[in-house]
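In what follows, chain A forms one complex with chain B and a second complex with chain C.
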Partner chain A sequence: MKHLILKNISKEYGGTTVVRDFNLEIEQGEFVSFLGPSGCGKTTTLRMVAGFEMPTTGTITMNGAEITNNPPNQRNVGMIFQAYALFPNMTVAQNIGFGLKIRKETESAIKERVDEMLALISLQKHANKYPYQLSGGQQQRVALARALANRPQVLLLDEPLSALDAKIRVSLRSEIRAIQKKMGITAIFVTHDQEEALSISDRIVVMYEGRIEQVGTPFQVYNFPETNFVANFVGTLNSAEAEVVDSAQGLLNMDGIQFKTSQEEMKGRSTGDKIRMSIRPERLSFAAELKKDNVLDCVIENITFLGSVVRIQVKIGNARFNMDTFNNPFLELPKIGDKSQVTCSQEAVLVYSGEATA
Partner chain B sequence: MSQSQKRDAPKARPVSQMSWAWLGVMPFFIFAFMFLLYPSSTIVVRTFQDAETGSFTLKNIINLMRDPYVLGAYSLSIKISIVTALGGAIFGFLLAYAAIRGGLPRFMRSSLMTFSGVASNFAGVPLAFAFIALLSPTGMLTNWLKAVGFNIYDYGFTLFKFWGLSLVYMYFQFPLMVLIITPAIDGLRREWVEASENLGATTFQYWRYVAFPILLPSLLGCTILLFGNAFGAFATAQALTGGSAMNLATIVIGAQLRGDVLGDLGLGYAVAFGMVIVMTVVMIGYSVLQRRAERWLK
Partner chain C sequence: MKRGGVIWSWFWMILGILYFFLPLLATFIFSLKAVKDVYSFKAYVNVFNDPAFQLRFPASILWSVLTIIAAILIFVPTAYWVRLKVPKARPVVELITLLPFVVPAIVYVFGLVRTYSQPPLLIVNSPALLVAGYTILSMPYMYRAIDTGLRAIDVQTLTEAAQSLGAGWGTILFRVIFPNVRVSILSGAFLSFAIVMGEYTLAQYLAKPAFAPYIALLIQNKAYEPAAATIISFTLIWACMGIIQVIGGQEQSGQIAGGH
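After this line comes the complex of A and B, so read on.
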């Protein structure tokens, strides 16, 4: 039995549909991220699971019981908010123990659970501090402990890292993932940061304009994007308009330059179709190293040093493509204006219908 | 210049000896000195000064403590201040909360704020006259009520006594409460309600454990400020009661300094000194509570 099922969920506000026909089944202990740009409906969907919004249509089932119309205080889901939402009049320990106090648990049981949670987030020394005396990262850890103290069936995280600085964000997301795994709790994580979603999720639900675009593991979503939107939104992508010149052979034409793609990408395409062709920057390399299915003449236009990666912008015909290569101290970089050749495999050339959406 | 040579550090900008900004705030300091510090210090000095000889004395303070007329005035002032502070605080808070968080149309908030800004400053003779025209024995509303068979004066109401004056004070007390409690209500975050609900709390439990404790310092601070506002009011009571029917501390000070009653200048200063102490306590209390509220609401 699936732990959490969202079936045919939609949400309308005054005639505007913000979530449409949302279907998702989540396993016990799974970490699922809702990923998408602002306004795609990911937070609204999360809030429907929490009970803060009621679906216009559809049902939500948790552990076999329908909870669609249950009020938020009768759902037993834990929620972590973007702005922490700690109660400022309570100490760290009181915040963590709040839910247990509401449940009228004994003083000793509350203390025991609070101590356990404080140990989990390594903030034992801060038990008697008030939220304003803590850093943002510490406050969010307290919020995590508070949400977990009630032993919720599902943990909901609404962009919990977006108010934190980059370094804390990376360390805290690992901490959240480790705690979630340790406790075996089902979690839904809302984010617009693809790196965050890719790094900690078992599965990612990519959303756009209230719809699910793709559900898959981070590997699937990144390497095999099912729609043009997913391909553009997740990771960096080179994209250009092209035409199918031979669907049987997988041949494409971009302004007179021929590309070869895989048969998989040609499914449902016919010769003469106008398509959008995409290649991830890391799938391109200089042809001098190893020639693959596509070998293309280019001119070096720009070189950007990004730390572990060097991004080289090349001009192929009239289109500009980025090529990523790992940095190393002995890397011999071309000069701007040099003529060269780049190459990529046919599997690296992705084909989509229509215009780019992100 | 070789690579190894250090560049000269850029010269620090010379620190200005005197900022022109001080000139801008000078009128405030002059005003505060002339109309706050100087009169206050004069009150303190003259409280402990013999009016005839100019020598140090505690006679004025002792007279104040022994004079039932003055003590009665303080008692009445404190009573009316407590009643109107509590009434204004409760009514003003409920009104502000309803307008800000009650889901009412947006224009309600701006209308209420505009009204409160005007009404909280509408005091003194005009306010007294407005209420006399409305609720005196021959007032407009009194007559309307009489016409429908309900004479409020038959039920013990008098505009010129305690409850009448309290009602008049309420006219500027609750709008002041609306103005000063609004930032605290704005500071209540929606996430706190949601977080408490998410943790299993009911609306009542949210108010009991979260919202009320967070608002409490602001509510107390604002109530104290309303107390001070009523305690220091003079013109409204004087205009409404003619200074005779209601023996308030401020009216006693006026009477003593004008020489209307006994003309004891020293006693007048001592009564005023007592008021300065009460108002200082009020301001300190407000400031401490406000700081606590800000710490939680920032």
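After this line comes the complex of A and C, so read on.
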């Protein structure tokens, strides 16, 4: 039995549908991210699981029991907000113990659980401080402890890291993931940051305009995007318009330049189709290293350092492509304006219908 | 601002203080002259020993306290609910809270008497009607103070956080909302107290014992005692103000700050 099932969920606000045909099954202990651009319905879907919004259609089942219309205080879900939402009038310990007190647990049971939670987030020394005396990252950890103290069925996190600075964001996200694994709790994590989603999820639900575009592991979503939107939204992507010139051979024509793609990508396409062709930057490399299915003349247009990666912009025909190579001190970089050749395998050339979206 | 500006601002401030305090000082000095040629507290003793004072002054305090309790119990949930569920209605509600400023008390009290003096609403003789009337009069101060207090906290997110932790409406109101607007409630309560202690029309026309009608009566019959009674009421109100400042100050430095 799946732990959490969202079936045929939709949500309308005054005639506008903001979530539609949402179907998702989540395993006990799974960490699922909702990933998508602003306004795609991530928060709305999460809030339906929490009980703050009621779905217009569909059902939500948790642990085999339908909870679609249960009020939020009877669902036992832990909610983490972007704005922390700690109670300003209570100390850290009182915040963490709040839910237990509502359940009328004994003073000693509450104290024991609060201490356990404080240890979990390593804030034992701050038990008697008020929220305003803590940093943002500490406050969010308290919020996490407060939610977990109740032993919720599901942990729901709505962009919990967005208000924090980059360093804390990265360390706290691995902390959240570690705690979630340790406690074996089912979690849904909303984010519009694809790197965040890729790095901590068991599965990612990519959403666009209220719909699920793809559900898959980070590996699947990144390497085998099922739609043009996913390909563009997750990771960076080079994209250009092209035409199928020979569907049997997998040959494409982009402004007079020929590309070869795999048979897989040619499924359901026929010669003469106008398509959109996409290549991830890291799949391109200089031809000098190793010649692959596609060898393309290019001009070096720009070079950008991104830390561990160097991004080189090349012009192939009239189209601009980014190419990523790992940085190292012995890297011999070409000069801007140099003529060169880049190469990629046929599997690297992805084919989608129609116009680009994101 | 130049030196001249500073001098002028001091000048206006001192002028303002004099305008406010001179009559008070005069009243105070006058109240000490009940015995010929010496300063004494005779007038105060007279007031305190007057059975009418002993009835009406505590009565007014009782009305104030009841009014404040009623106002807190009605306006905190209302202001909270409006912010949470119908934020679009806030301008309308704000306008309604200002009505006591617009409707003269005398008109209001006759409305009350007319409406509630015939069956089935025959409650014109009940003290409850007086307290209800005072509660309405306190609305502009109380409601607005509470609403301002609520603005400082993220009402919706705190509510949702509490709900997801299992809290019902009662718990949310008493454990989350009230404690976070305590300072605002206090300042609203102080103003309401002052209003009720000094209110004349309602008590007079609903024929209930109260302090302001008592002073009015004294003025008609006595010379020095009304001055003494006025000073008593000022002292009381200032004491309240001082207490609230102290509590509010502790609150501020203690916990309420930084409600992000």
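Simple rule for what comes next: the second predicted complex is superposed on the first by the 358 of 358 C-alpha atoms of A that agree within 3 Å, B and C clash if a C-alpha of one lies under 4 Å from a C-alpha of the other, contacts with A are read in each partner's own complex, and residues count from 1 in each chain.
The definition used in the following text is that a residue touches a chain if its C-beta (ideal position, glycine included) is under 8 Å from a C-beta of that chain, and two chains touch if they have at least 3 such contacts.
Since the structure is predicted, the reported quantities are computational estimates derived from the model, not experimental observations.
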Clash or fit, chain B versus chain C on superposed chain A: clash
Touched partner set for A:272, first chain B, second chain C, both or neither: neither
First, second, both or neither for A:99, with chain B first and chain C second: both
On chain A, the residue positions that both chain B and chain C contact, one per complex: 50-52, 71-74, 76-79, 81, 83-89, 98-99, 102-103, 132, 146-147, 150
Partner chain B, residues of chain A touching it in the complex: 50-52, 71-74, 76-79, 81, 83-90, 98-99, 101-103, 132, 146-147, 150
Contact footprint of chain A on chain B as seen in their complex: 189, 191-192, 194-202, 205, 209-210, 213-214, 295-298
Residue ranges of chain A touching chain C (in the complex, touch as defined): 50-52, 71-79, 81, 83-89, 98-99, 102-103, 130-133, 143, 146-147, 150, 156
Parts of chain C lying in touch with chain A, wherever the complex brings them together: 153-154, 157-158, 160-168, 171, 175-176, 179-180, 255-260
